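Chain naming follows the written order as A, B, C and D, and within any one chain the residues start at number 1.
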Amino acid sequence: MCGIVGLSGTNDAAALVSLMMQALQHRGQEAAGIISREVTENGTYFYQHRSPGLVGGSFSDEESMNKLYGNAALGHVRYSTAGPKHRNKAAQITDAQPLLHDGVALVHNGNLTNAKTLRKKLELDGVRFETEIDTEVIMQLIKVAPQEKLLKRLEYVFGIVEGAYSLIILSRKKLIGVCDPLGIRPLIFGRANGAYIFASETCAFDIIGGEVIDEVLPGEIVVVEDDKISRHRFAKKQTPRKCIFEYIYFSRPDSNWDGENMYLARSRLGSQLAREEIARDLDGEFFGDDLIVVPVLDSGFPTAIGYAHKTHSRFSPALVRNHYVGRSFIEPTQEKRNLKVLLKHNVNKALVRDKRVVLVDDSVVRGTTARSIVGLFRQAGVKEVHLRIASSPIMYECHHGIDTQEGELLSQGCDSIEEANERLKVASGADSAAYLSRENMIRAVRGGTKCDACFSGNYPTSLTDINFDESIV
Amino acid sequence: MCGIVGLSGTNDAAALVSLMMQALQHRGQEAAGIISREVTENGTYFYQHRSPGLVGGSFSDEESMNKLYGNAALGHVRYSTAGPKHRNKAAQITDAQPLLHDGVALVHNGNLTNAKTLRKKLELDGVRFETEIDTEVIMQLIKVAPQEKLLKRLEYVFGIVEGAYSLIILSRKKLIGVCDPLGIRPLIFGRANGAYIFASETCAFDIIGGEVIDEVLPGEIVVVEDDKISRHRFAKKQTPRKCIFEYIYFSRPDSNWDGENMYLARSRLGSQLAREEIARDLDGEFFGDDLIVVPVLDSGFPTAIGYAHKTHSRFSPALVRNHYVGRSFIEPTQEKRNLKVLLKHNVNKALVRDKRVVLVDDSVVRGTTARSIVGLFRQAGVKEVHLRIASSPIMYECHHGIDTQEGELLSQGCDSIEEANERLKVASGADSAAYLSRENMIRAVRGGTKCDACFSGNYPTSLTDINFDESIV
Amino acid sequence: MCGIVGLSGTNDAAALVSLMMQALQHRGQEAAGIISREVTENGTYFYQHRSPGLVGGSFSDEESMNKLYGNAALGHVRYSTAGPKHRNKAAQITDAQPLLHDGVALVHNGNLTNAKTLRKKLELDGVRFETEIDTEVIMQLIKVAPQEKLLKRLEYVFGIVEGAYSLIILSRKKLIGVCDPLGIRPLIFGRANGAYIFASETCAFDIIGGEVIDEVLPGEIVVVEDDKISRHRFAKKQTPRKCIFEYIYFSRPDSNWDGENMYLARSRLGSQLAREEIARDLDGEFFGDDLIVVPVLDSGFPTAIGYAHKTHSRFSPALVRNHYVGRSFIEPTQEKRNLKVLLKHNVNKALVRDKRVVLVDDSVVRGTTARSIVGLFRQAGVKEVHLRIASSPIMYECHHGIDTQEGELLSQGCDSIEEANERLKVASGADSAAYLSRENMIRAVRGGTKCDACFSGNYPTSLTDINFDESIV
Amino acid sequence: MCGIVGLSGTNDAAALVSLMMQALQHRGQEAAGIISREVTENGTYFYQHRSPGLVGGSFSDEESMNKLYGNAALGHVRYSTAGPKHRNKAAQITDAQPLLHDGVALVHNGNLTNAKTLRKKLELDGVRFETEIDTEVIMQLIKVAPQEKLLKRLEYVFGIVEGAYSLIILSRKKLIGVCDPLGIRPLIFGRANGAYIFASETCAFDIIGGEVIDEVLPGEIVVVEDDKISRHRFAKKQTPRKCIFEYIYFSRPDSNWDGENMYLARSRLGSQLAREEIARDLDGEFFGDDLIVVPVLDSGFPTAIGYAHKTHSRFSPALVRNHYVGRSFIEPTQEKRNLKVLLKHNVNKALVRDKRVVLVDDSVVRGTTARSIVGLFRQAGVKEVHLRIASSPIMYECHHGIDTQEGELLSQGCDSIEEANERLKVASGADSAAYLSRENMIRAVRGGTKCDACFSGNYPTSLTDINFDESIV
């Protein structure tokens, strides 16, 4: 996952882009980058600043920002999924976006499923790559496209690349937003302060008082030029396959996508989880007065509140977070992640002692934190601890941009939800564990059709690279 | 406010102190400092590292930490209250603690009420001060004390200084905790990893798996030497006057003090607020189905949950926080604070549109953020917005370490709670505003007697400096 | 109290009147009576049947009913308040209504406050009374009135009588409804099956599928003749003083009066009681999980449900009624009443053992059943039992038709609600007792102005008989 | 169904029995009878009083009661199930119990399944029957039994009769309680006022302040003689088959049987119904704020309260009962029943208008009242009306004493619960209808094994009479 923003039409371009990036910081904390464009009498100039870490670090530094001249800019926050060894070494700043080639700057959120194949072909054609990221494939394709006009070149490129891609492109004259034919990743456009803006989520509009016009629709190119907007469809209309994981975990709760609010979707996931719990509770004794509902970290809040509300149980945020440390899911290496769990959380013993605790979390990927968190509750003197997950078991790798790598997924290979529950119970050491059924998960997340490949294995794109035999080439 | 920790008896002294400081980060974010002590065959050495900003910054840096040798250490996180121009200029690193003089290191949480007077006297006696902080007065007094033994010198000093002080002192052989005769600020001691530890709050024990032995009692000196502990009373037993604001806002919710858990105290403050609301709700129509209870930021969570639970209203955390920016209350200048409100929060419109919103906050000091937050809700399309404060109007400056300066207090000079409510309503632009009565506030916060001077003006200490006429001297 | 009905314009007159009387049975169980009117070619005939006890007894007997010919009828269910020794001897059937004199039949609900005075005068004038009831005073006045036309005679009479009176009169040609100038007792009129109907409460309309047109307004005479209706005001418009006790206890919960539904009014009385309880509950510990809310008999249901709903406590009808015995309040002698309490109720021990019980009742008059009911709960093994009354202490005799006689009222002479609470606590043996404040009682009972004389002593009528010195005459 | 009581050892025998019968009045309202026994120096005498209708009628008459001399008595309240034309003609008083033959008086609750067969045989043997009830078969068998001692004769008889029988027998010296080998009908014994007592339900003990000793166990004879008690087993221990319908509907809510309280069992039936509802409520929208839970008559209260509590919906007793008319289920003819529905109930329109109403009833037998009640709600202006039944579809006739005759059962012949739901929906005209599943019904009703033959068709007794071919004999 990454977060992307673009803006054209106002003087503070880079500053506003920096603010929008802060609103999207949850989408990537490994690196951040801005490219601004200045149009002068003497020509058009691009300025770039890229830095590892949070936006709030180097980009709140006046000196750096003051050099990003111009009235248009792109921004990118990076969460390293692509690049072969991406989680085994420190992020390379050269791999950071935005990319800039020959007067075209570009930011990308998503993952191409034929990047490797295309790259090989391009390399055989003599193209020399500067980074290891799939985004550069798009960039190189734009360069080698036979057409002259940028819009035509883009249509050519998007006829070739496969996978999930939401892009914002800044050329000498234009600001362009693109969404892949299935609409897998979000991209929204609107206005703020007289400028046109693009961003991955609507929360980035709110931070600068912007207003949403619409989504960039699946298979659409939206072009801003001379303060005018035009929309171009480059692919036939298909059933969209919006990433369900954006609703479950990734997007910020105050963002909306496809007519649905993320908090409300998560709250309904919690309600569905509650509904399944009540139906299981044959003797009507699960929801006793000694039961409290505790969210697992911030991301578990909306689902736990939904669960507690539906069951009328006591909502009790007893897992306390040290707010001065970052988010667990997107840190680079496994080892560091474990250490941080202990540093980041404390169980408020006074709330949980002699209670039966229902721990509600939005999802389980690797399950690495589950055991340590359950352990924290045990040490705090709970009577029982029950783990409830407001989504289904993740059994398949995501090929569209989320860092859920095969081999690391706790539920991989499970034949049934019961097996996944049991595996989670064992892995976490909880007294019981239960996922939400896929049927009710989909019911809770309204709006258009979803890509639920990580739960079902039904990938909506051709996975060209997977079948790519390097030796053949 | 500040946070202090001390530890003696294990090799990782500085590393563990750094972790404990992270747990106390909410008590001060302006600067952090560690002094470690190494006892070698050649002598005893002290090492120091002080840095502005968060602990997680420079103190997670291996290089810096590796130089803090030894098996004992003190740590301090600083929230600038003392020093004459403390909120009008950037914090001076020279004013940062721990202080170290002649083999005695010291960290202090609290505020002396006769520091100015004592300093003047010492200066007239020829003592030269290196910092502007009141802590140095204690340090200089220890130096000039006529006694030989450190413990005796301390008893001498604490017979002279007035005000609120919790101290940890690290000498060549001892680790010492001291609490003022009224017990205004917390100081807890216990064990972890074979070492003795002191810290401002119990949450700092949890982060390293420590166990609490007891509080340093009011008027007590607790001495650790050669892995043995001894307790000495230096003042007569008085009715303690523990700071009520620690319960309301300052301490972390997972900390305990004087037998009371902070979250539970806050939850009860919310319940009392609810009880007063229900009693006011003459026609039984306030708590309609279109009413939601929204906490103001993280610190409002426990009270808002208590309020929603008592009234069975829907708890809805619709004010979203950008977690990548720090805490508003302890930033240095007023101007910056206002800007940050906008950057830090977003209202989730999908949750609040056409709702009646009860905004619950723990306390109001200056009231600077109230108007902007109410404004955010109005813009989000609410039907009504009602502000409810789970403590009483703050009408008096704190002279014991909390940054509530006269002239800035919204409720200063109010003759009644009704007047304070009205003033808050006007200041915030809310449809209604109500504080909790002092009677019920005190009822909710259990445990021993409290200092509620900021609410009542009943200061438990003599305010010598206030009446100090500099011209006389 | 009594219940009255009248009907004109359909063949089953007596049968329908009998049904309506069953709907009003709660207003009087001592005796029932019907007079029907048959208009034939040979003249107009009246038929009468009066019987002690319930309507369902003799009036469901076909033989009796078949003799009540005609297409108009009056019905009356009697609850003996008037007649000097009314509760010390068995009801005299000669005192039962309807009364019939010279082609005028009459039923009366209410109580005249100058009946005794007027009767003495009439007797001095040579009028001979056949019954001891105040209703006959009206009847005799109609006879002696100097006017010729019935409507004029009535206007004359209602210029003389004082007190509370809702009347239905059946003459040879007319059916007439009358309400006193203050509207103290209800009287409603409407249509059913092509006939015009009058009844004390709207529930009597429902039983035969009738529709309400309006109330007979205070100071109004409504005349039905030849299937036409005409309305005449006989007194100046005054602030109405509708009996608050109809809302609290007397009317059936499914009746409406003055735009207010009785169940909803009672439910709000329970909510107000709850509100006062919550405000009293300083430590927030009254409403624990071991607390159940139990209605005292059927009349306590709406208030107890309102109380339980507002406090979110468990509503638990643990006081079981043997439905085969009548209502306690309207039985004739004190002694019998006590015995019946034991026969009529049982406490469901399985529900209350080791619970804290909040017993909610609508009102307390004599307090005679309170002690025995509290005793039943004690024997059932409760932890505590708390008595809550959803109206204020009754401190004054009713002079307008309700059987609350001075000397029998538990709260008589109390100077404050606290004193009344204490007296009820002692009288009942409960762990605590509390009435609703008068202020909140009035708030809960919406609609027009009320007569609350039994609570306040503010009688809206002149109490001529009270000051009547018999010796003078 | 019937209710039976017996008592021995105190002077007021008949009066106390009469009170106990009032507590059991719900078990039968067609007739009541008492036989008392007086032991004098001159001999032992039996006195009898039997009367149609309620106990409260003739048995509260002093004159009648004063003639029932003696310190032992039996009582019976009758609900006519046996006797060939039992519901097509008025109850014959000669068929009323107790029966008395040759110094043995007997009351019976239950139904023999080989009575017809045995009677035929006895008649062929020359026995002349005086009544048409199966109880007389037992009486005649006792007479013709070859043994001498009564206890032995009884053991002989209970080796022959089949079916459900709880009996109390009063002989010249003994008071005896008997329960059939499967324990189908309840019979409890205990003490009160120094006497031994037997009764069908524990609520009859409460009315006279009695204490329960134990149940008469399945296959047991309990003999009281000379103030001593002895217990005799006459049949091998089998899995008991207690009638589930006692839990669902028949027993009073304040009675206990087999360790289970009836109210709590019904409340759990309502909870299970709620649980199934929540599980069905896929989109989480059924339980909106406009939904109210309304019990169908008194018997629906515990289940509706359980349902409302579990779903946290508003419990609203909007179906008002005219308490002066008896219980629908046990009235003799179908025609009368329909009329009474209308007379007995009124919907409180003010509570239900524009609401979605969930009508909760304990069970549906014929479904005759469902349509009229749903109709009442429609007329009252509801938005929707949903019928929920807290037990399973009754598909089979009861052969053990409950008046559920084949040919009249609404759900007879249904192949699934879905079909029964649909049939009920159509029959009632409700917007939806749902029964509780058999699995969850049984789960809710705790205690020992149940006879659920009316739901499952699994009869625990041999149904000899059913297969009895009269022509053969």
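What we mean here is this: a residue touches a chain if its C-beta (ideal position, glycine included) is under 8 Å from a C-beta of that chain, and two chains touch if they have at least 3 such contacts.
Worth saying up front: this structure is predicted, and the values here are computed from it rather than measured.
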| item | value |
| --- | --- |
| Chains touching both subunit A and subunit B | none |
| Reference subunit B; chain at largest CA-centroid distance | D |
| Between subunit C and subunit B, distance of the C-alpha-averaged centres to the nearest whole Å | 64 |
| Whole-Å gap separating subunit A and subunit C, where each centre is the average of the chain's CA atoms | 70 |
| Contact footprint of subunit B on subunit A as seen in their complex | 19, 22-23, 25-26, 54-56, 203, 206-207, 252-254, 256, 261, 263-264, 298, 301, 305, 309, 314-318, 320, 322-325, 327, 342-343, 346-351 |
| Subunit C - residues contacting subunit B, complex | 268, 271-272, 275-276, 278-279, 281-284, 310, 312, 440, 443 |
